[in-house]
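Note that chain A is present in both complexes that follow, paired respectively with chain B and with chain C.
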Partner chain A sequence: MSENILEVKDLVIHYETDEEVVEAVNDITFTLKKGQVMGLVGETGAGKTTTALGIMGLLPSKVGHVIQGSIKLEGEDLLRKSPREMRDVRGKRISMIFQDPMTALNPVKTVGDQIAEVVLLHNRCSKAEALKRAQEMLAMVGIVPERYKDYPHQFSGGMKQRIVIAIALACEPDLLIADEPTTALDVTIQAQILDMMRKLQKDHGTSMILITHDLGVVAEMCETVAVMYAGQLVEFGSLEEVFDNPKHPYTRALYQSIPSLDKDVERLHVIPGMVSDPSNLPPYCSFFERCDEKCDRCRDFEPWAVEVDPGHVVRCLQYTPEWNGGEK
Partner chain B sequence: MLRYIVKRLLLLIPIILGVSAIIFILKTFTPGDPARQILGNDATQEQVDAKREELGLNDPVIVQYVRYIGGVVRGDFGESYRTGEPVLSEIVPRLATSAKITLGAVAIGAVLGILLGILSALKKYTWVDSLVLVISMFFQSVPEFVVALVLIMIFSVKLHLLPATGIETVKGYILPMVCVGLSSVASYTRITRSSMLEVLSEDYIRTARAKGQTEGNITYHHALRNAMIPVAQSIGTNLGNAIGGGMVLETVFGVPGVGKYIVDSITQRNYPSVLGGALIIAIVLTIINLVVDISFVLIDPRLKTTIISGGSKAPKKAKAAA
Partner chain C sequence: MAELLLEVKNLKKYFSTPRGMLHAVDNVTFNIEKGKTIGIVGESGCGKSTLGKTLMRLHTATSGQVLYKGADIAAMPLKEFKQKYRSNIQMIFQDPYASLDPRMSVLQLVEEPIRVQNPKMSKSEVTSQAKNMMELVGLAKRLEGSYPHELDGGRRQRIGIARALSLHPEFIVCDEPVSALDVSIQAQILNLLQDLQRDRGLTYMFITHDMSVVKHISDDIAVMYLGQMIEKCKADEIFKHTIHPYSQALLSAIPIPNAHVKHERMVLKGELTSPINPKPCCRFAARCPYATDRCFGEEPVLRELKPGHSVACHFAEQFVKE
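The block that comes next holds the complex of A and B.
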């Protein structure tokens, strides 16, 4: 068995409607080692959630299509699996935590039933055993187990997210995808939830993809970082490489836009312009219009991924032999 | 919970006062003399005057009204001018007949409508969806009595399977039930369809898929119960409307129901029967609505907290809490 839990290669995902084709994910490649936590960062619309749904096999039916590429979970290509086989993967081997805990739980079912459901789906056990497991899970995420009979509306937002996490971890998955798990929560609760997730991840050795746009969270929790922009992975590498030695102009610009306590800056750096329209991407670098390191050659090619250091991949022309030294 | 029920039952007071006041006012403006109606054209003026005195028709309207309400409070809805029997004892068996047909009709309409609604939600924007829409719209657009006549033509006249009129046998109930039921299929179908589509796009459906749940179980266990909330609401309203609203069909099928009773009483200027009929229907409606509202707790646990605490704006609060 390989030491990589997940290998995503050349993945392209489009949303196709009658009017337009949205190129949500364009040719991304990354690997995740067992037990590792990878941060997937980027602004809204960069394709982070689409990537996650693609891995889960939960792209909106009829609209979302994987055009090419492969998604290998411990060497098995998930894209070749039948819907039935994928149902066995979801919840059991890969789980997902969604962004908004307020709407992620079924309002007319008790939280105990909702946790027990996933246990029953993937284990041979009785309803009573599943409910017992549900209570254990509640205790694990810091909720009084006796509350398994309560309905979601009787819990606060932070507690609902704990329940969502309990559902995701109930079958001890190999891979957990957390899609902005704390975005909908207030700051003090965010810290609690992240602490809990980190502890559970360490205890169980679960591999994790943490989708976020909070670079602080990434710095605290992740070992590797993938930066997405307009559906492309513009930079991928270890936390140290990407944070201390960012190579892509977009990653650098992102760091400049974080407020710093030790520097006295009047205004934060703003990346000018808007993200390219994913239904109308240019045939050249999609960051071109907003880049402050661009040169004329950038208009001629679409950049490809270059390994600048071992394990540190950047998709920018300035690291290719074609780069002509930034002449204007 | 008890507080909520009492609160809702207290609403009956303004309803009874209001309904009876409207009918009393209408009665004052209606030409014709009930006393003359009862005694016939051959009676002398003296007999008519004596009858008017006996019925209290010479008193001011307000006195008649107060006297009537006083009776209602004691459970006395007056006597029918035509038969002299207490209105209540005339209406109760007719109400039972109407209720049976209505319940059957709502059951037929709701079951068909919900099934078709689920089908078109799951097959949205396909030919199945369009076909369901056309069929259900057809039965909604064609007047009930036309459907009734066509059904009589087919099942009674041609096939001799079912009686055309009367409810002497159980078979007699079938055509009226089907007829009333079909007319409501369209609205259930549309409500179910839109409600299902909305629920199926909710985040918790995605959560269920992420658990590895099958599509069948997702539809049945996760979506259906949530989607049924607005459907149940409209079943409640329909149930009430259909009990009092079956006048035309009860006439077509010769069913001795409460609708036909009121229509007949109006033509006979039999005011106590009209009043009694209207009031009893209003009371039954209020109680049905209360039962329906309470039964929502079974479907939507969010309402439990608010109903038990006696709040009247239950759905709003539940949304805010969620």
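The block that comes next holds the complex of A and C.
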């Protein structure tokens, strides 16, 4: 439908090397409505960034492969586009903000030139017009426009991230993917950046995927939440549903393992064991080994996504209707 | 009155830079009781790590005293410190990826401090002690021959903890030990640190920028800003009765993982000012929403406002909430 900006269906992404196949993303499906902010949550190695790179068409060539599935941006399948067509999509219709602002910028080009570069690439305009646009963008993210002639090292971490955001938003993309945009920043600076991103997102009606491992950031910014574990979406739903009524054992355990500011807990809940090795995933539920609520049947087959409430999807056997009946 | 393990008095650490003196730690005074945990909170560049390293004698203090059970470890010759006190004061480093030698196996890494501090100990004794340490921190026997790159962050941090503990220290400086870890692993490490403290009566100085972690683990909390300690009190007190405007901003900036709490946040303007040759004024004044002329002209001192609650702010009284 036209109200969905992004539809990802049955997406599988593998990294293939000579020694092994790493199953980074396993069969994920989600939709993002226009103007909505979705939080993509999970631990290191859960496949969050790979999903984002897949959408952007930026998987490392030769190694990263989309095995199956479709990624539709307003109905057009991005996976069927040629590299040349994807270059037009990137930066103009989808932009990405990378995690580390210290390495995302080119140290030998002025920040003005770096913003103007995107503008020149996607619009027919003169260099002077592009630079003017760059200055507008700097003003928009709260940096004095006169500093467009400065180099990245002359800015602090928070300001560099503002510049990265300015580059991402320069062509007013429909979809913005922010990969841990504030993880490298201090909390007071994080608060500034989040405030600014929320304001820009509202003003321009940009849809956004916010990748983070910080559930607090998700609560403040997002309307829907997708929880990833070992390359799968284990839970997907509205912020209220997922936060107030988490269904998947992993989501529940994740909440209990965070030290809380309002409650006093003597000992933190620990999720035993480690994340399964993505090059050697079991043929059953990949959370099985660490799960508190497992049973023998969990070993029999891999769970599939079940809609427990409208819009609230969980991938766990205990919500599968056939589970109680005994027969699959 | 509980026994004091460490008394820090007017500790200063300045670094000389081409642009002037960088006041990394400026006139910091505090005490740590035996068996307790003090949490040091602040943003990057506020001098938390420099403070930790100065206590460890990894930096030499510019001036001031660090009394460890009454002996001034900041002023004594480094050689004497290493012989008598290095084993008692150990540190767990922030980045378990950078603080371990990639060419040493897990067992060698844990053996190293024991061997260095006990040059006369037999090789088999060193190995058996190291193995005990590995067991204590929950590193499986089969990992003895593994190298750091084969392990995940949580296990690497356990090696760091085993190395620090292998000398049976009384006091451990934990410099952001969980910042580089995922939440589920972070919980494992925090629980381990708490268990070890309970079983061995350890004293911790816990440096972090994560307020929820510090609340969980600390007895006392000290907030630092640009090298100075600006607020110091019991852990629950700071969350209930925050006084200093910077602490208020720091607390309100933390995103809360709850779908219904939409709190008013106090967003600070600007960023840290330079710690190089600071002017004699309140260092937070430039970002403080309540700053007056007095704040720009006179440096506030840390003073006790309520029993056990000290604040460095000229107008602290007006922020006291009952």
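Quick note on the criterion: the second predicted complex is superposed on the first by the 320 of 328 C-alpha atoms of A that agree within 3 Å, B and C clash if a C-alpha of one lies under 4 Å from a C-alpha of the other, contacts with A are read in each partner's own complex, and residues count from 1 in each chain.
Please note the rule applied: a contact is a pair of C-beta atoms (placed from the backbone, for glycine too) under 8 Å apart; a residue touches a chain by one contact, two chains touch by 3 or more.
Everything numeric here is computed off the predicted structure, so don't read it as measured data.
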item	value
When chain B and chain C are modelled together on chain A, clash or fit	fit
Which of chain B and chain C A:213 touches, first, second, both or neither	second
Contact breadth on chain A, by residue count: chain C or chain B	C
First (chain B), second (chain C), both or neither touched by A:68	neither
Which superposed partner A:271 touches (first chain B, second chain C, both, neither)	second
Touching partner for A:195 - first (chain B), second (chain C), both, neither	second
Partner chain(s) touched by A:100 [first = chain B, second = chain C, both, neither]	first
Contacts of A:58 with chain B and chain C, given as first, second, both or neither	first
First (chain B), second (chain C), both or neither touched by A:87	first
Angular separation of chain B and chain C about chain A, which is computed from CA centres of the superposed model and rounded to the nearest 10 °	70
Superposition-derived minimum Cα distance between chain C and chain B (Å)	8
Residues on chain B engaged by chain A in the complex (per definition of touch)	202-204, 206-214, 222, 225-226, 299-302, 305, 318, 321-322
Touch list for chain C against partner chain A, complex	43-44, 152-154, 182-184, 186-188, 190-191, 194, 209, 211-213, 215-217, 236, 239, 249-250, 252-262, 265, 267-268, 271
Chain A residues within the chain B interface of the complex	56, 58, 86-92, 95-96, 98, 100, 102-109, 117-118, 121-122, 151-154, 164, 167-168
Residues on chain A engaged by chain C in the complex (per definition of touch)	43-44, 156-159, 186-192, 194-195, 213-220, 239-240, 243-244, 253-255, 257-262, 264-265, 267-271, 274
